[in-house]
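The structure under discussion is supplied below as structure tokens; questions concerning it will follow.
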């Protein structure tokens, strides 16, 4: 499903770091990306989504070339059908949560999808409220729902639940897994929470200094 | 705020529409007039409007500045200059549409708000209370130019140079001395005779004509006014008895030839 | 009493502000988001009217657009358009003169938009226009208000440029600042005083309303 081999120079607190990663991810996999801060985890997601431009390599998704150095292809993020959830929920404060979801609709999509998704995450009653009155957990639920509106092929999450308390986190992890299964997504979850990855992912990519130092089952890594 | 934006655009559109259509329809006569005519012309226009319903709008300034603007095709219909040389220059440029009419000769006077300078004459400059002397800018105001000529004639120009305060036009010079910002002023007789100035000081000293070139005033219809019959109508009025009477009241003498 | 200078000034300020919004938003957007290296040159040009005395602008406008000179003559002959001694000429002069007052607050507004929002709209497949109109501008109300009011007020206070390129023509270019100057020159102090007091009153009212509105809108742009 996802075939990537990408390079990028990053500038972190430790100075310059060369990110060089390559892997293949199959359709329907839920992969965790784990590693210390500054290892480049978020950058991978930004590279895949197109928000950051690689310096070289290849990115192929479902047979479509999204980035290729050789063929000079670089598909704009707007043209890549992905769902993304950030750590800071980035809901638009000037819109109600229903409007936030409506904003995500593509041309031709029936507006009913908004209501359905709101109901799915249990927030239908708060549809007309602005994000500022919602709790952190509620906001992330909206963000997750919004990422689902366009029925993306890939879901990228960058430490989406780390700002939430245990109970909320568990609830949201549940939603995530449900969405992953229902929509047949290929999901990449960046997290620094080992238990989160162990619980949800069948595979973990561990990043160290811009490279994958481990690629395999979570229990094999986290036991040691 | 979205509807605010739309409302604003609507307002803008309406204004634009107004600007393009209605705003242009007024037919008024714009008279570019030397500042010494401030009171005289205002009176003439009042009397003119008793006879004719034509709107006349005066724009006062120094003759030189008005000439510059007219050279750049400023939209004035009539030019009334304190120095006939300017209308003559305009005619040379082909920007006039009538004969030049000399409506009078102006006079330069010495005037002070606090003191009666009539008897002091040019000795007024010697007075200890004279710290600032107001004149019009000699570069583009005829009265200013004559003031400098006069000072040179009496040999005062070097001594007084540091005391001189130059107004943008003779009216502003008069204002400087009327407010007391300047102690003494070389201003137009027509302004000294106005009710506004007389209120402060009714006395003045007529500076001898021999000390400077004459202030022959001239009026002309400009090429912009050519297509406006209203302009010619007003010009005709300026030549008439009533206007002449007003000019005389404000101290303009009739030209000797 | 003759109120025409007020109406004229109001019309001038409204027109100028309207046009400045149309020009200013794209320009400020470009300055905020472009990474072109010559950007600083454009910034300097836009800010010029702040440091130059208005007489400089007036002088060059007079020179350039006088019908006696090539450009002005061209406009006059082929378009019957005069940009000196006319209201349109004043609008042009005001637009140039007040440009930095529109662009700078707008630019600050744009750079104040959290990058995460822009990332989000991109991952949701929305283009720049949608992002601008539905996410950025609605969340920049304070900047829009400041830019509009400053430009408006600056235009109302214009004197030097108007004097040079206006010609002091009643109902055409005799704006309130010039009218007051006129009345003082003609020693009509009563009239000058009346005009001035009305102007102070009006300006104060506008500023009062602006700051009151801005107080309401001063939201902290972070979450929770």
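Letters A, B and C name the chains as they come in the text, with residue numbers starting at 1 for each one.
Just so it is clear, a residue touches a chain if its C-beta (ideal position, glycine included) is under 8 Å from a C-beta of that chain, and two chains touch if they have at least 3 such contacts.
Just so it is clear, the structure is predicted and the values come from calculations on it, not from any experiment.
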{"item": "Chain with minimal offset from the mean of all protein Cα atoms", "value": "C"}
{"item": "Reference subunit C; chain at largest CA-centroid distance", "value": "A"}
{"item": "Rounded Å distance between subunit B and subunit C, as computed from the means of their C-alpha atoms", "value": "34"}
{"item": "Approximate Å spacing (C-alpha centroids) for the pair subunit A, subunit C", "value": "44"}
{"item": "Whole-Å gap between the CA centroids of subunit A and subunit B", "value": "78"}
{"item": "Junction residues of subunit C, two or more chains touched", "value": "138"}
{"item": "Residues of subunit A that touch subunit C when the two form their complex", "value": "49-51, 76-84, 86, 88-90, 92-94, 103-104, 106, 131-132, 136, 139, 146-147, 149-150"}
{"item": "Residues of subunit B defined as touching subunit C within the complex", "value": "1-2, 8-9, 11-12, 15-16, 19, 23, 26, 30, 35, 38, 57, 59-61, 69, 71-76, 168-169, 171-172, 174-175, 178, 196-197"}
{"item": "Touching residues on subunit C, where the partner in the complex is subunit B", "value": "11, 14-15, 18, 62, 66-68, 76, 82, 84-87, 138, 141, 144, 167-172, 182, 184-187"}
{"item": "In the complex with subunit A, residue positions of subunit C that touch it", "value": "114, 116-117, 119-120, 122-127, 134-135, 138-139, 219, 221, 223-224"}
